[in-house]
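Down below is the structure, laid out as structure tokens.
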């Protein structure tokens, strides 16, 4: 499945019965970090780093329920929550930039009760103190108390751009203190395998680095650096 | 009382004997959050969300002592502290944008000794480690070690714009992790009552959401959504 | 010693045997804060406040190992780590702005094993959770999982601009929650002495402020304020 | 008149019969630049410099018709145009930041037909090519094709903050390539007189500068500089 | 066709023989503005307004040749130009933000010689004076003299996100002083028809506005405004 | 000569008799563009691209008179103008970021009368309409009517950081629509020669590109691209 046809993307469309990435692969990715997974899929699909966690220390993965919303209007999030299942993660993007606080403790309570694992929103959120106390993880571009209206329709579970990347409903979204990355559903198993292999390799490297070995030797960089023209001079020569 | 006449606003004016909002209403607002109070007064008077707490977790309300300062010059803060009373909150705005660190641990010590509850500054502050250790709450646009001079006059307790909103001396200023909101003195009692009513209503909603009820039902949104044209399609239909 | 001649500054140059500021003066500065030291050297050499600590609460000083890197290419950091000594601090600046994550837990492990005290990078870093767990202090402009390549040479231990200031290898770099300041090696002893004098004076002031004395009196500001035209009016007069 | 009471400021309020600054004073100010007028009123009431002209070279003054609008909703501009008179200038501020294009060639045609002299909007505008061809001057924070809805009420001719300053309906708003400044209605005659005096004085200075006289001499700065500690050294001494 | 499978998207992939939107529809869209077309397709697919024209006044449409490039590396633009046909428009997006100047007068000369109508680049460009003299239209996020390297592969004519939206090769890209909008190839004929209808309707409105008719009447807004609660008060009542 | 010792850099120091780069080399560089010169000196010394020309189309080179100024204080520019000679270019940097308008038509008149060729200021300027009419070229970070004071000393003709790069008095500064680049005095002749050679080479390339030759062939890129893994696929294969 790819970019939806124009007819399907029009405001007011809500897609039911979206296929999700499997739970095992989602939970496998949740044990790895955003940076490792991003590397494992060829450095693609990283959301704009301007999206930051509202409170530090969370690392979650879930299956995307995508919500395209008008500026400063959060009506569609209510529509979306009905479609959420255990293990989902809400992904919300405004059609034009907005700082408004689309999401707060009431919606977190509601989403949490449906098994939603967190929220990624390319706009504002609020009730930071309450979200922190609830341990409901949110990645947002802004924090703002400014409220939203409920006047204009958007879409739910239609593919959309969010913070610079394309997200399809059912994709895996992984978020931690390093940011947010999307893993396309069809690629998730392969990416998980590659990320686990990468993680294993890094564990070996970490041990060697901890013993004081140099990246120059561990990665065999010296010859290529020399061929590129690296030259060492003594401090006295550079004045 | 409104926007001061031009003659009163000129640099060098310090107003004494400003009326303050009452302590009971201030302390009542302090128990509610910025988002709730902002909603209760019709989504007005929220300062620019770019003002962030220097350390997380504080929630304070106080009566505004307004300080209009030249860029990178904090002389008037010294003048203002003499006029502060127990329960006040310093509100500082430069006449042109400045990142300079207007306020640090010495001024926090001095302000704290006078009963000042915190600082809102649309510029920089410094000595973050010390402010955190003192638990003196500060909301600022920047953190910067760059110092200020003491050369040019400003005003104290004259109405002024701060971070996009108008603040009169004696207004209530409420700040927490969601940002900073001003409650005009004349409106403070009404806003407190409205905010408390809102809080009560939200407590009821929160309970229903926690049980898994949907916003669509709790708020009776389904009919209006349908009239606006919301339509559900199955995933198979959208390709 | 000053700005390097053009011939020395060309990409690929790595300078060995750089003189460092003495350990005693570095450790003396480490006990003072960035704001105090910045004041003590005449408010010079403060890096752009957009560089923020990745996790709060650290305060470190070290001798600069300077690394000039191409955009999104961290190869030279591997070269630099070999030249690091106990007590050094890595200072990394891209030749053109980059959000890429130049540094993560593997490099932190390697640098830490060589006695490096921290990193200042005018670009992005990643593996925030791991850096926090390692207590390896990093000040960066961005956090981003986006990786770097190893294709193009830069320089190590050549003087360079970083976040708006000039840094020479061997200079002292001091960083805490207020930001990052450079103390030129030749000036470090004098700056330390001046900063300690300032700190002592501030300790006395702090005590007087804590007792409720006013800055107006403690600093003898009243006369000069009056001469500049400060005038007190009563609230009733300003309407 | 000052900051409106809370009851008056609620969304949906449209004030008719607003008093305006007199035409002569408005036109007098229009002949001076923003920088001169801003100086003449003590460097107050300058809007955020992020508001830039959509096309260069215009300089206009008009009496403010203030329009407070919801994010991405331009309905109230239609309401406001009915209240506009020859010589007015529309001032539009969203209650929360918005990049949306609130104003384009149709509204410019309509406003122009009513004698409106221009628009200041702390959000986006669009149809730049057409506005340029029409010579309808606009100062905006953004240019964006993204459209607005017509769903939610705001206010017209109620005092409001716009781009960091307070604007009352009927105030003079002056804009040129340097930015936008508000002159309160009650002060407009005095500010005009002061600005004209300043302009005359600057004409004399300009002539002396053009002849090669130095600011140091023209303004008699040498003594005060010396007292502050200015010292001249020869290049050979500074190495 | 939709989002490419992961295997196809890997760096180094260059797709030949891409289908393009038809010349007639492209040229039809080129006669309309970005704002009109954006409205006609339901306010979708507008690129980030931070992309601005390097020189004002151009309005062009072309078929997208998409180029995904590493940060500060423009090698793939050379690869892409070989695949360009008369009527194409280059669309370039870095995989991580870069200010580097990816494109200047040499590439403009080369692209122009192949019939390329312009460039949209979500990064920097340079040689502004020369591009202006050549009348080669460029929309970019930055202007920067900083050069790029030719070391790392990207993709050509693979679907990609650019400045917040998804672009497929062969889509129509339309750009003018209002910004840049993408029209998906499959929708282009319908969007053209809708945009032309909209343009005709606006021509009628423009005439009525020019005669002084009000939007309130032309659009029949008065009743709905009244039902929403709009109320007119006289200036005397609002103090 | 290099980074000045701390004692020389203290505020209040004005250096007379600075050596300048020779007129012939300055005028030679003035005939080349910023991008070409920046390339010719190894992509070094480019100022932050956020500095933009106040009016388009100028290209000037001059010998730097460096002015380090306090935030929002332009006193030292008056001091500097006395030291300016025919062919100089003023370079002004605040010690902490400032948007204030440091420079307007009076100073431009004065500087122009002394033979100053232009201004680079890492802060604000004003009187844009007048500077445009005078054809006095200015590159600035901001445009703002907000005025400066004359209270605090800075330095003149002491090396300083400006917009991210180090500038020594007497260096060549070259500016055009692409930005601003510094050419160290000692390197200026070599850089001029290299830039002229580059320009000649580019003239040949430009001709070949204009005839439709490809960069792939002109630069012999095909083999290296293939070795890196470039692979062509047909559009039908990528779905």
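Per-chain residue numbering starts at 1, and chain names A, B, C, D, E and F are given in the order in which the chains are listed.
Everything below uses one rule, namely that a residue touches a chain if its C-beta (ideal position, glycine included) is under 8 Å from a C-beta of that chain, and two chains touch if they have at least 3 such contacts.
This one's a predicted model, so the numbers in the text were calculated from it and none came from an experiment.
Novice: Would you pick out the chains that touch subunit C and also touch subunit F?
Specialist: Output, common partners of subunit C and subunit F: B, E.
Novice: Go through B-F and D-F and name the pair with more C-beta contacts between its chains.
Specialist: Higher C-beta contact count between the two pairs: D-F.
Novice: For B-C, find its twin among C-F, A-C or B-D: the pair where over half of the contact pairs carry the same residue numbers.
Specialist: Of the listed options, the interface copy of B-C is A-C.
Novice: I'd like the Å distance between the centres of subunit D and subunit E, where a centre is the mean of that chain's Cα atoms.
Specialist: The computed centroid separation for subunit D versus subunit E comes out at 31 Å.
Novice: Averaging over Cα atoms per chain, report the distance between subunit C and subunit E in Å.
Specialist: Between these chains, centre-to-centre, one finds 41 Å.
Novice: Taking each chain's centre as the mean position of its Cα atoms, how many Å separate subunit A from subunit E?
Specialist: Those two chain centres are 26 Å apart.
Novice: Provide the list of subunit C residues touching at least two other chains, using ranges where the numbers run on.
Specialist: Counting only residues that touch two or more other chains, subunit C contributes 1, 11, 43, 46, 95-96, 99, 144, 146, 152.
Novice: Sort out which chains touch which and give me every pair.
Specialist: Touching chain pairs, listed by label, are A-B, A-C, A-D, A-E, B-C, B-D, B-F, C-E, C-F, D-E, D-F, E-F.
Novice: Would you mind writing out the residues of subunit E in touch with subunit C in their complex?
Specialist: Contacts found on subunit E: 70-72, 95-100, 144, 146, 149, 151-152.
Novice: Mind pulling up the subunit A residues that touch subunit E in the complex?
Specialist: Going through subunit A, the ones touching subunit E are 1-3, 5-6, 9-11, 41-44, 46, 95-96, 159, 161, 163-166, 168, 184, 186-187, 190-191.
Novice: Report the residues of subunit A in contact with subunit B in the complex, numbered from low to high.
Specialist: Going by the criterion above, the answer is residues 1, 4-5, 8, 11-19, 55, 75, 77-79, 81-82, 99, 101, 104-107, 109-110, 112-114, 124, 126-130, 132, 142-147, 150, 152-153, 157-158, 169.
Novice: Provide the residue numbers of subunit D that touch subunit F in the complex, in ascending order.
Specialist: It is residues 33-35, 38-39, 43, 46, 49, 52, 56-57, 59, 176-179, 181, 202, 205-206, 209-216, 219, 221, 225, 228-239 of subunit D that touch subunit F.
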